[in-house]
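The structure's right below; bear with me while I get my questions together.
For reference, chains read A, B, C and D in written order, and residue numbers begin at 1 within each chain.
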Amino acid sequence: MYTSETFIRVRYGETDQMGYVYYGIYAMYYEVGRVESLRQLGLTYRELEEMGVIMPVLEGKSKYHAAALYDQHLRIVTTIHEKPSVRIKFNYQIFNEDSQLIHEGETLLVFANKKTRKPCRPPEIFQKILASFFDE
Amino acid sequence: MYTSETFIRVRYGETDQMGYVYYGIYAMYYEVGRVESLRQLGLTYRELEEMGVIMPVLEGKSKYHAAALYDQHLRIVTTIHEKPSVRIKFNYQIFNEDSQLIHEGETLLVFANKKTRKPCRPPEIFQKILASFFDE
Amino acid sequence: MYTSETFIRVRYGETDQMGYVYYGIYAMYYEVGRVESLRQLGLTYRELEEMGVIMPVLEGKSKYHAAALYDQHLRIVTTIHEKPSVRIKFNYQIFNEDSQLIHEGETLLVFANKKTRKPCRPPEIFQKILASFFDE
Amino acid sequence: MYTSETFIRVRYGETDQMGYVYYGIYAMYYEVGRVESLRQLGLTYRELEEMGVIMPVLEGKSKYHAAALYDQHLRIVTTIHEKPSVRIKFNYQIFNEDSQLIHEGETLLVFANKKTRKPCRPPEIFQKILASFFDE
């Protein structure tokens, strides 16, 4: 298991007229969660693409427990529970400033060759670093 | 069961550098799907809010079968399978210009009082019109 | 001069907690305005990119006269006042359902080679069709 | 004159298929620039709204000198050149990781009463703190 956290500040443009963060914005928050999660391992998605690998999303799930509000400083906890293969699953928990769990999400992504768009193994360095968090 | 369809044109700002519609945009497409679906029944979400009822999202699920691309004219088929109560579930199927099913989604929403933010029954007119599509 | 119009329905996710369309959304509305404006001439931006030409934006200006609101059906009037060269300027006027002019915008774009990213002339077909609206 | 800086990391969802940050995203970056600029003075827009004052945008201008790219850590320099009254103008300069000035923007906002939506003076505390940066 690998877990990490990052913070995000809610932007005005992310709210809707209900006064909540628009429900479609969370996918962007997940993206920040997983990208910063990888960066903390020394892996950047930017470099991954430069190595010719992209990571399209295959599946997503979201549970909205309570609303996120404008200007709140949210804590995003990102976890990889299972050893990644050609696919990698991220789980997200989002907490507001009162440490209340307001949101849970999950995304399944696939490593794919940037040119052929076919599924592929991630670069060696990715495999190695990620594997170190999981028992064989 | 109630089903309806609507069309959407992919905007440039909805694509990402992979050349696909960004995975977080689909939530907005679902919104268009369900809003137009209700409008075809003579029910508008705008009026619902004016009657003091809002519809926050509780849960969402997404399956990305194939990418949507810039400028494509997508067909969104929105279906309500079960008779709504305080909660209402919408299913979405998105088809590209070649009639290929590229995406499936599901959202569970709750009717809530705009002031108290507590769950509530939808206005009579909503209940009546929606109920007519479901066997007792 | 070439002028055309198109319509847009305000999405919930485009509003902010002020109850207005978020001020950053108008750039997307301009995009719809100019893309549909070209389409009405038989020119699509999609094809332009397929011909190896992109159109990055160089400058933009916006005047917010009155707020656009959720679910409003807005009319976007897009005008090209001057004969385009390597650069092309679009003006936008946005009207609400009461025919009130609520917004004015302007964007200056440049035709550029997709590979080199250097400014270039648009494809012949673009030049020909667009030129027909302007006196020599 | 009052000037301050803040940083922003470009999100994947903010890029478009040209491989650039979509031109409509900059308005959101300006928002972050001015909100963090005020926060550094001990003034938060969140509190301003709680005091019953909103700040709709009246005018905007943008100059796109060079593209911002995915994952870049951008520096936003926000400046108030003139003493604010009922209106307040912010200027933005955005620099990429090579300290290159890639973008300039300007927005004119108005303080308005949240209920009446009419222009108004900002709260005393705002006036006092902001005034201290300008010669009488």
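The criterion applied here is as follows: contacts are C-beta pairs under 8 Å (C-beta built on N, C-alpha and C of every residue); 3 or more make two chains touch, one makes a residue touch a chain.
Since this is a predicted model, take the numbers as computed values, not measurements.
> Sort out for me whether C-D or A-D is joined by the greater number of C-beta contact pairs.
C-D
> Considering only mean CA positions as chain centres, point out the chain farthest from chain B.
Result for the farthest chain: D.
> Distance between chain A and chain D based on Cα centroids, please, to the nearest Å.
So the centroids are 28 Å from each other.
> Averaging over Cα atoms per chain, report the distance between chain A and chain C in Å.
Distance between chain centres: 34 Å.
> From the mean C-alpha coordinate of chain C to that of chain D, what's the distance rounded to whole Å?
A distance of 24 Å separates the two centres.
> Would you please write down the residue numbers of chain D that are in contact with two or more other chains?
Where chain D meets two or more other chains at a single residue, that happens at 12-13, 18, 20, 22, 24-25, 27-28, 31, 70.
> What does chain C use to touch chain D in their complex?
Checking each residue of chain C against chain D gives 18, 20, 22-28, 31, 54, 56-64, 67, 107.
> Which residues, counting only chain D, touch chain A once they are in their complex?
Residues in contact with chain A: 9, 11-13, 27-28, 31-32, 35, 44-46, 49, 70-71.
> Could you pull out which chain B residues touch chain D in their complex?
12-13, 15-20, 22, 24-25, 70
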